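Shared between the two complexes below is chain A, which has chain B as its partner in the first and chain C in the second.
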Partner chain A sequence: MTGDVAVAGRASFRSAWSWVRSQPTPLVIGVVILIPFLLMAAFPGLLAPHDPFKIEAIPLQPPSGSYLLGTDEVGRDLLSRCIYAARNDLLVSIASAAVAFTLGVALGLFSGYVGRRTDTILMRLVDVLLSFPTIVLALFLITIFGRSMWVQILAIALVMMPSTARFSRGEGLVLRGRGYVEASRISGGSRRHILVRHVLPNAMPTLLVAASVLASSAVLIAASLSYLGLGAQPPEPSWGNMLRSAYGVVFDAPLYGIGPGVCISLVAGAYILIGEGLRRKFRTDRNVGTLGNTVGGV
Partner chain B sequence: MPSLRKARLVGVVAQLGQLLAVLLAVSLLTFILLNALPGSAADARIGPLPNFSPEEREQLLASLSKQMGLDKPLPIQYLIWVKDAANGNFGLNYQGLEVSQVVGDRLGPTIELGVASILLSTIGALIVSLIAYRTRWRVVRGGIQGAVTVLMVMPTFWLGLLLVIVFAAELQWLPSAGFTSISDDFGENLKYLLLPALTLALPQLALFFRYLNAGLRDTSHAAFVTASRARGLTNRGVDYRHVLPNAVLPTITVVGLVAGSLISGLVIVESVFSWPGLGLLLVESVKKKDYNTVASIVLITAVAYVVVAFLVDALYRVLDPRTRRPT
Partner chain C sequence: MAGDAGRGHLQVTGLSVEYAVGARRLRALHDVSLDVPPGHRMAIVGESGSGKSTLGLAVMGLLPRNSTVSADGVVLDGTSIAIGDPSALRRVRGRSMAMVFQDAKASLDPVRTIGSQISEVLAAHRVVPRSERRAEVERLLGEVEIRRANLVARLYPHELSGGMRQRSMIATALAGRPSLLIADEPTSALDVTTQATVVDLLHRLGSTGQMSTLLITHDLALVAGFADSVTVMYAGEVIETGPVTRVYSAPAHPYTRALLASIPSIADSRAATLGSIPGSLPDPTQPTAGCQFEPRCVVGNGREMCCTVRPVEVTVAGGGSARCHFPAELGAVSDEEAKVGPVRRAVARQAPVVQMSSIVKTFGRRGLSGSQGVTVAVDDVDLRIEQGESVGIVGESGSGKTTLARVLIGLERADSGETRIAVSERLEPVQRIPSDFAQFVFQDPGDSLNPLMSVAEIIAEPLVLRDGGRAARYLPQVNDLLESVGLRSSMAERRPLELSGGQRQRVAIARALSTQPKLIIADEAVASLDMSARGQILNLLAALQQQHGFAYLYISHDLSMVRHVCDRVVVMYSGRVVETAAADSLFADPQHPYTQALISAVPVPDPVVETTRRRMLLRTEIGDQQHSGEGCAFRFRCPLAQERCHSERPTLDAAAPHAVACHFRELAVESFRAPRASEVG
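So, the complex of A and B:
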């Protein structure tokens, strides 16, 4: 009986493993890198070896057995602070990427699909937004609307939205001419129906790749803002503000900044790898089963 | 061909018109955001004034509003604001100093750092991509590719920290932060310039490399390359005379766009190295809620971006005759 379970377990494990193996390598690596950070964001209390807010050791210790990354300028455990920072950094980056993606894709696909004058006007507006350098516009918005986390998320989202709109507009333009879109239009599908049921699902593979790049730059912008002292406020840890403190003590504790820096790079890199993996995954089955392709353009 | 020249002229005029329209829209958006904030500009200017009674304060506010043109409707205010900005008059900052003066003082160092980084990154990217393209060893190519990927996901300030750890803390070759004016001591200035310029240049180099590398690979398959090889040109001759010039073209646009939005990187790098440029001023002003200074920097950088993008477009037309065809 137990043997059966073990065999079944091993078989399902093997099939799961072969499923993982069949995925593009960058996708697997990216997800493997990202999972620990998601766990850190979800259960920081379980993973952190020390209290990230408690001053409990000699300041600026180098890495040791009990403090794996050393201690900060007031004697708090750096590893625990890195772990607690994951929640804020991941939340800000994912939320702002999601907002930018939703707004940008809606605007872009609509603009590209409708075309003509609407398209021209919307894209000129996007051009204007694109003319503002990223961080400068984010800083401007934060000056005006304050420093709360939600302002930060919206500022990052607004800064990234125009390029997403530009990109999805191209997709909308391409898909507009597809046979199945035309078929739906002939059978009386409304503009909204076509956009939601035909254009969006078919643009999704390409758009998901763009979304992962978006998430990666959101991590970097969020970290930049908190590095500048405009993100999470101390004592709340974030990778950006930890790096800022690291600069102040670079001559006394050169290893201080390694932890948070590696965290930012790993998360940003993981998103990019996932995007690259998705691109490879979808490249093969792109266009498969679309009417335009099979009928040769109705 | 007079008709061709005329068509080209019309094209240039249309381009200039578009440039003007985008500039106007950019200034309008800045103005709208500036006026979205609570409290008037006059209120912000006079501050709390503890010695004044509420009535006196009200009076002062009214006269100042009138003087600043704040009693007029918003569209008129916008026109006044744009006219002043075009004349280089951005009003006063929170300390009552001329914003144009404060900003002007910071322009020199920013331009110096920006130009230095672009020079480093373009020359570096050219050398590195040519090495990767011409090398026979896959290890070298793989190593360069790996380094570039790492640079792409490294936030600027972390890269800066690593450079400071190595060159300032460990080797003690270069100062970790600071600035000496170029007119005071050129050698000292260069010493302070090197680390920030390198920090800014390395991620750019990675970006340029990706485009150059793709360009070199695409061009190497072109028919004219095969043709030149068939004519008996040496590998070196083909690479430098035929492949490189064609591969560089798409990268020029990217270099232009990066140069136009350089300020985003400058904001970080200048704060890291206490480099007294526009970026550092922006961060300081954001923290002090100095709306006038922030708005003027936003406007200046956006206008710079639009103008640079326009110039790059024009340059591209000159360099690549294929894009010159009148449509």
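So, the complex of A and C:
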């Protein structure tokens, strides 16, 4: 019995591996990059070698065996602070991208599909939002509503929503004229039915790419905000506020900024790769399906 | 050089092309050989995927990057063409050979004038000295029968009509004085009347002996009047070639024979049935060792030799050759075996299901700018469709036929007019036609079926919308519907992308049938399909009508098809109905000058008829004429137009069995029968 289980286990591992191999390369790379950050966000206590809040050693040490990335201006371990910052940065980027995506796509597809006066009015409102410089609008909102993480998330979402809405509107406009949408209208399909069953699913492949771009720019906006002192507040670490500290001591500790900087780049890049991978996956899955069925179906 | 024998002697031997798509290799051309004598007009015909366009592109050196070409030799006028060498090809391209594409709108640069695009070719190949370029441009435009060439040379592509654009394209192609002109579906984007004039032009240009012409097309009727010889392609191979009269009268390959049987001819009586070829093209990634056509062939029928040995070219009596193991046996198979299904039935006059009256539909921006830029798409049209009747609406693009159908189905709202539908034996006016009363079959099933839904979900959607519940609840109905359109119930789980064009259109029809409508509107429902699938779908539609008794409204620019499937025909021009009558009476005795021109422009798939008959040509001017509310819409192009036509709008007597909106109906009928100066031989 146990032998069977082991064989089955090995077989399922092999099939899982071949499944991974069949996925688009950018998707695999993106996920591989992102997984360590997700683990850091989930279990910072298990991964961090030191307490991120405790003053452990001489300030501004260069990287060494016991402090892999060195120490900061008050002598805390930089690696541990980078790991603890992952939770805040990932949460802010994913949550704000999700909010911006949901609102923007809903507004944009609706506006594009309905068209006419509704479209004109909605898009002029979006234009007003678009005309504010990104950071300025976020700064304004955070200054008014306070510095909590949720305000930060909503501010970033609101800043990114207009461009998503614009983008989705184009998709809605294109899909409105598609034959299957008209066919559904002829059969008595309501606006809601058509938007949910026809427009949204067919817009998804394109929109997912937009979502990945959103997530990666959310990482950058979040970092910019905390760089400006409007994100996570010290002593709470975030990649943005660590970079700000690094800037102040750049001549004394030139390697200080590498840790947080690399983290930001890797996470932003991973999101883009995942988006590109998903786009390719949607494309190739179709081809594989076609061939598989023509060969095996008849 | 070929000497005095004329120019354009093209010899292609052993040409093969493969495309790499992902990890797979698609065989596009396999061992193709052609011999085009100097000054010859050859047509290359085949279904989409047969490799006919690839052949043209390969000779021109315009293949996409993912292709691999190999050839034993491509020789034009004694000069060998290095088919794999892009820079060598660039030097000959445009000079010794030139190409005309389907869509002149896409091939011409929209931001440059026609004249500058032609002189670009003249400059690139140093055809004439700089000082003579302008005169040469005008000469070329004159050559392609464009009047006022000095004016047209200064116009931009968007200022010209479709036919004029295609002529300008041909002028550009002729600029380098090529000895070989390749025209890839040059007329399929054009209206039937324009199509006729462009083919006539190509025919005349190809008759000088100084140039050979390759016409790549799927339209066998077009070929009959144009070509000296025909090459038929199937699955990347040349399967038959020969003089046009021999191929049409005595096809030697079963595929050619089936193709010829599957095209409706406007000259045929309505009682004729349409042929169709079961099955579809073989998978290009897995070529078989034997004859590529074997799986669909009535002669081969699974014989071992056909399955395993590639047929060699055998010479055919009457000229040409064919790749078939058993050409002699083709005669034994009767024509009836290649044909399927009855298409016709006679109907007595019935009660109407739909009556549209005085429908007006305009498009354009109103309000701020007043009535400026308003286009009248449908202008005061009445339409009556009876129970179990097939009505066809024909007309050129822009005639308003599709808009009328879209108003009827409720996709557009009419500006004014009334639609009444039959509700329990009485006609009652409706704002919007009920969704289960009428259904629509779109032109392109690739677009009208949601690619993310399964076939079952697509077919069940109208039922779900009407009766609620989930798609799975209607599985029994879906299976019945699939069966009635000739698809297996295992198809229910597939997605549209996994189906062929013909299968997709069958799914679209099954969907249209699901709510058991009284009327089905088919907007160019077979136009996007291959020839062999067209016959199948038309036969299917006719069989379903016999079974269920619903009415059809066919919207089409294909008069041959309309003649085959319709009981009554409505001819539209510029948003108005100009003539309506029973199909037999309309095609036998067209009375409006526009109908006469339309019918005379349709090519017949018979080279003997095509080379002897006369064609009535319409006057065309630069750009489109906008007509005003007064007068006859057709007056600007009408050979009979007089003073009265400009001031008084002709009316249509709706009660008459053969109604015509023309002031000079008698004169028109007379002049159509007698030869006239405006006709060409």
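One rule holds for everything that comes next: the second predicted complex is superposed on the first by the 275 of 298 C-alpha atoms of A that agree within 3 Å, B and C clash if a C-alpha of one lies under 4 Å from a C-alpha of the other, contacts with A are read in each partner's own complex, and residues count from 1 in each chain.
Operating definition for what follows: contacts are C-beta pairs under 8 Å (C-beta built on N, C-alpha and C of every residue); 3 or more make two chains touch, one makes a residue touch a chain.
None of the values given here were measured: they were computed from a predicted structure.
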Partner chain in contact with A:189 - chain B first, chain C second, else both or neither: second
Which of chain B and chain C A:257 touches, first, second, both or neither: first
Which superposed partner A:107 touches (first chain B, second chain C, both, neither): neither
Touched partner set for A:265, first chain B, second chain C, both or neither: first
Residues of chain A touched, compared between chain B and chain C (which is higher): B
Interfacial residue positions of chain C with respect to chain A in the complex: 22, 24, 283, 285, 409-411, 435-436, 438-440, 442, 444-445, 447-453, 458, 461-462, 465-466, 490, 494-495, 497-498, 508, 511, 515
Chain A - residues contacting chain B, complex: 124-125, 127-129, 131-137, 139-144, 216, 220, 223-224, 227-230, 240, 243-244, 246-247, 250-251, 254, 257, 260-261, 264-265, 268-269, 272
Chain A - residues contacting chain C, complex: 178-180, 182-189, 193, 197-198, 201-202, 284, 286-287, 289-291, 293-294, 297
Chain B residues within the chain A interface of the complex: 21-22, 25-26, 29-30, 33-34, 36-37, 149-150, 152-158, 161-162, 164-165, 168-170, 176, 260-261, 263-264, 267-268, 271-272, 282-283, 285-287, 289, 291, 294-295, 297-298, 301-302, 305-306, 309
